[in-house]
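Please find the structures below.
Presented sequentially are two complexes of chain A, the first with chain B as partner and the second with chain C.
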Partner chain A sequence: MNGPSVADLGLLIPELILTGMALVLILVARRAQGTALPVVGTVMAAVGAAVAAWWVLSSEPQSAFAGLITIDGYAQFFKVLVAAALALVALLSVKGLEGKGVPRSEYHVLLLLASTGMMLTVSAVDMVTFYLGLELITLCSYILVGITVDRPKSNEAAIKYFLLASFASALMLFGISLTYGLTGTTSFSGVAAAIAERGLADHPLQLAALALIASGLAFKIAAVPFHAWAPDAYQGASTPVAAFLASGSKAAGLAAVGRVGLIAFGADAPALSTILVGLAALSVALGSVLALAQTEMKRLLAYSSIAHVGYALMGLIAGTPEGASATMTYAFFYVFMTLGTFGVVIGLGARGATVDGYQGLAAQRPGLAAVMLLFLLALTGIPLTSGFVAKFIVISSAVGAGYVVLAVLAVVCSVVSAFVYMRIAVLMYMKDPEAPMPARLPVALCVALAVAVIVTLVGGVLPGLVTPWAVAP
Partner chain B sequence: MSDYPVLTVTTFLPLAGALLLFFASARFARWIALAVSLATIAISAPLYTDFDKGSSALQFVESVDWIPDWNLVYGMGVDGISIPFIALATLLTVLCVGVSWVAVKTRVREFYAALLVAETAMIGLFAATNLFVFFVFWELIVIPIFLLIGVWGGPRRVYSAMKFLLFTLAGSVLMLVGLITLYTTCDTLDFRELAKAAIDPDHQVWLFAAFLAAFAVKVPMIPVHTWLPDAHTEAPTAGSVILAGVLLKMGAYGFLRISLPILPEGAAFFVEPMLVLSVVAIVYGAYMTLAQTDIKRLIAYSSVGHMGFVTLGIFTLKQGGVEGAILQMINHGIVSAALFLCVGMIYERTHTREIKDYGGVARTAPVYCVFLTLFCLAAAGFPGLNSFVGEFLVVQGAFATENWLGAMAIWGVALGTVYMVWLYYRVVMGKLNPGLEGMKLELGVREVVTLAPLAILAVCLGVYPELVLSYLHEPVKALLGVAP
Partner chain C sequence: MTAEHTGIGVALVLAGVIAGGMVVLASILGKKYPTPGKLAPFECGNEPIGLPMGQLAVKFYMTAILFILFDVELVFLYPWAVLYRDLGVLGLTEMFIFLGVLLVGFVYAWDNGALEWK
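Moving on to the complex of A and B:
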């Protein structure tokens, strides 16, 4: 392994684009406050980063910075996904932050930096970069959750999130240090080799390390029983921030779980599978059931995201590359459908915040209601939407690994969640409107919704366009 | 053979029509729906003219790689069992447009769009040659029907729509697990290849149970039938027609397409419980009708009984029984759809479905009563009309299996006569109910044209059942060749 060279920087072009834009926005923050520059800049940076991740680096897998990061199909896939999530969230923020007194430039800087962290995380092949990436995401997220400083709820959510997340990070760091102590290395492949060579798979300390790292990661993706922060944070945060947590953060977290699970602890398969089965089963069941009782949209979507993370984890249980690509596909489609749903929530303004606000929407805005129905069907997993394809492959992967009971639990929970989502459809289509007509949607929001609709529909009908890119590490 | 992919075009033409409706003005919505549904029949014509009845093989086969990475194929094709169902689905959609012509006044575009999406799902389901495609259409139909019931239905529509949705989804997700298990063990979902695959008999029992969950809800079999009376009663007329006419057949069709050929050992394991549940449905459904005061609810419960005949016939696993069951499905599709149309037409005028609010209708609406007489007699299994032949074949098959099954089925037939004639008596005969005084109950030309095709079919199939049966002989022979 050679030391870092300038050429290695070439592999970080997507990250550099995002960071560069963040620096520019900081420099011009004061002048750009009231203008469209932050949004336009963020979207352009995101598109540039996606293109860079896709084309410029689409060569053989290569590692850089003395084996701290790697650029492979897995990293590229998630980088594009993160960039897409960033662009859509930036578009959603145009309306989502209206009148909230949020400093626009700083807000977008934080989005950009968090996305940089996500990109680092998904390409990390060393515990150190891995941890750094995750912490960059979390640090930015704390501030984003609390960025509406004059709302007490937002502050409360930020503090709760901060306390719990620091605890989780500490756990993970402790797990990493245990692994380092046992194996003498921090690189994923080194850890795997040491575990295999010295027969550490059943070592109690190694199992403890695995459990600690898994807990820390489960916290990041809000899998049960490490989910308790999510509903409060989503509710307290402004809606675009909640959308960002539910989409980009989740995708990056899942990518992290996938890479650590498959590369570093692949030899630990039985223990890891047990942990993942537990997390998946609990998340799917509790997420679906608790969503039933919610009357606030953001809390409902928080529980929905918990359930969805459970489904996504089902792909990783098998510990096979096919399973990992199932999870990748799930993450991809999930990001667009959940961002679409948040987009409708934002588009309806104050009315969209509660479940009752959707009453009679189909009579007032048939198009918007149809779009929302599509996302709800996708979240439920009805065929010809991407949600069905996603569920189909992760459940196939679990059944293929022999976890039929888990599969049955998952599909039964999807019926429960159907009640959750279709309740909104019932309100939209089968009740008469009481609230006044919602205002017209701004163009930026329409663009974001259109992208989400297209991915959800095309992904449902022709998933073959996405699946070839979802290659496991 | 024609030079376009008949099945794909037939299946997706209604969907294209539904999309077109979103861009059309509400004034033209019903005309567009009518044109699209008629065009669908026209374009499906080769299915009837070019079909070879002497073969049990799939015809009009189309096969395209859908998701190559997962070895999933978009496969369409029909055999003699599918053809009558496709005919029924396309015909009933046109009649649904006809009956909704003036009855639907709110959100007209959405109504016809939902109807056309449902048509796509129905045709696609009966044309699928692949479990994945089958499942996609199976789930796809739930949404438009859910909306039809919930948006345009009666007073308790939301409750009924939700109940329908949750019951069907609960069944179908278990089918999804069954489907995925088949997929991971056999690595194909093609019906023909699955039928050839050697599946472990123990697995077959579980798989049969998983598919049974989905099919039993749709048929519906006792004890998962409770969504049906609510859904049928609250749905708008067109919704009831689609539900009774086609949707209920999807479950029984699933038995024929999946459970029997692919899981013969599983079917053998479950034969007796299925037969018992079938006769329970026949007798229980018939008794429940006697207690109903709402006409639509009465017809809904009669559907439970009639579908009991269908499952009874299928699980006799005899040529006559299975053919009778399929014929019974078509007949029930014609007769129950016709009865729901009749009820819907008079409901538009009186706005009541309570039997006690009627009486003496014959005095003011003779033409209406001619149709009602015909359809009531057909539903009661009157010889010379269509239902008689199907029920006769099923009962014959039941007697050949077990005498007591046949006896119970006969009991059901007898009760069927009682409740249909009693309903007819209360609605049509006697003095005119004072509440109907001064109402114009007679049918208009549009309504006569809507009912006429079903009346003609009821008579034709009663006199010459070979019209449908001739399609069935070969495929049923092939089906029972592999069934136990």
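Moving on to the complex of A and C:
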């Protein structure tokens, strides 16, 4: 293991681009308040970071900063995904930031910094960097949830989110410290080696550490039973912020679970599988069932995101590289379909906030209704959309690992969730409009929706364009 | 526990005894002539106990946060200065990046009027 050198900074170019843009936006914050600069800058930085993440990886995985981070296909995949989510959320933010006087520049700075944290998390191979990355995400997310200071709901959501999330972070840190105490190292591969060599897999403290780290991470991705914050936080936050929490944060959290599970606790496979089966089964079942009862779009999508995290976790249960790539593909397609759905919700403004608002949308705005229908079909998992491909590969991965009951549960819940999504489709297509015609969508929002539509459609027809890039760590 | 940990224990005990002893001794031996002025909070900004009514002066917090900005900078500069030669060019680069980021934060605070005592 070599010591760090200046050249190592070259491997962090995607993160440096995002941070650099964040610094620029902070410097010009007061002057850029009413301009398009924050949005344009954020989107440019995200595109630059995606290109850089693509370009940095030459061929072999590279390790940097004395083994604190690694740049491999796994990190590259998720960095591109995070950058894409950032760009789309920045475009979605042109509308839907409810409340007066949201500081635009600071808002985008927080998006950029949270994305930097996500990129660090997905390439971390050391507990400390890993924790640092996750905390950077959550720290920015707290402020983002509460950034509309004049809305009491937003403040309430931010406080709830802050209290629960800091508790979960403390649990995870406790788990990390237990692991460090047992194995004497914080590096993922070192932990795995120590567990394997010294037979620590069944050590009670190691199991406690695993459970603590798993609960901390389950909180970050809002898997049941650590999901309670999500509906409140999503509802209180502005819709673009909720979209950001449901897309980028989830993807980075899943990436974190994948890398920690596969590399650090690979030797702990039986215990880890049990935990993951529990999280996945509960998330899929409760997420789908509770979504049925929702009348507010953001709460509905929060429960939908909880269910989707359950599906995504199913790929990781097997502990195999194939399973991990299934989860990666799921995360990729899920980010675009959920961002698309949030995009339509934002586009409809106040009308889009409740399920009833979609009544008769097809008669008023057939194009927008069709787009919404596509995302709803994808979220349900209907063939020829990316949602079907994503669900198919994670469920077949679970079947391959011998978890047939879980797979059956997932399929049943998928049918249940069809009621949730098709209810909106029925309202859009089979009812007469009651609300006035919605306003035209801003161009930026249309661009974001177009990207999400293309990925969802092309991913459903030609998933082979994405799956080869989903290489496990 | 090895011999090198004993020192930490001794330091802990000593610190506890000295600090605790001074407080106890002062409360036993010291003469007390309380006046309202002496009992008021000293250099602490606002009343520590009271009903949550009225508004707090945000400017004190602003100053405290700005102070922490530079405090953290110093905390980070000390170990860097000690290991300056070993860290070499990378250490220098990273420290300048760090200082640059801090400076941007400071400029932001300045630009948005955090330094104006109003």
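Details
Simple rule for what comes next: the second predicted complex is superposed on the first by the 468 of 473 C-alpha atoms of A that agree within 3 Å, B and C clash if a C-alpha of one lies under 4 Å from a C-alpha of the other, contacts with A are read in each partner's own complex, and residues count from 1 in each chain.
One rule holds for everything that comes next: contacts are C-beta pairs under 8 Å (C-beta built on N, C-alpha and C of every residue); 3 or more make two chains touch, one makes a residue touch a chain.
Quantities reported herein were computed from a predicted structural model and do not represent experimental measurements.
When both complexes are overlaid on chain A, the residue A:V404 reaches chain B alone and has no touch with chain C.
When both complexes are overlaid on chain A, the residue A:A29 reaches chain C alone and has no touch with chain B.
Of the two partner chains placed by superposition, A:A193 touches none, neither chain B nor chain C.
By the document's definition of touching, of the two partners only chain C reaches A:L9; chain B does not. With both structures placed on the common chain, the touch criterion links A:V289 to neither chain B nor chain C. Note on chain A: of its two partners chain C and chain B, the one contacting more of its residues is B.
If you check the complex, the residues on chain A that touch chain B are 362-363, 366, 377, 382-384, 388, 392-393, 395-396, 399-400, 404, 407-408, 411-412, 414-415, 418-419, 422-423, 425-426, 429-431, 463-464, 467-468.
On the chain B side of its complex with chain A, the touching residues are 66-70, 107, 110, 135-137, 139-140, 142-143, 146-147, 150-151, 157-158, 161-162, 165-166, 169-170, 173-174, 176-177, 180-181, 183-184. Touching chain A in their complex are the following residues of chain C: 89-90, 93, 100-101, 104-105, 107-108, 111-112. Across the interface of their complex, chain C is touched by residues 4-6, 8-9, 19, 23, 26-27, 29-30 of chain A.
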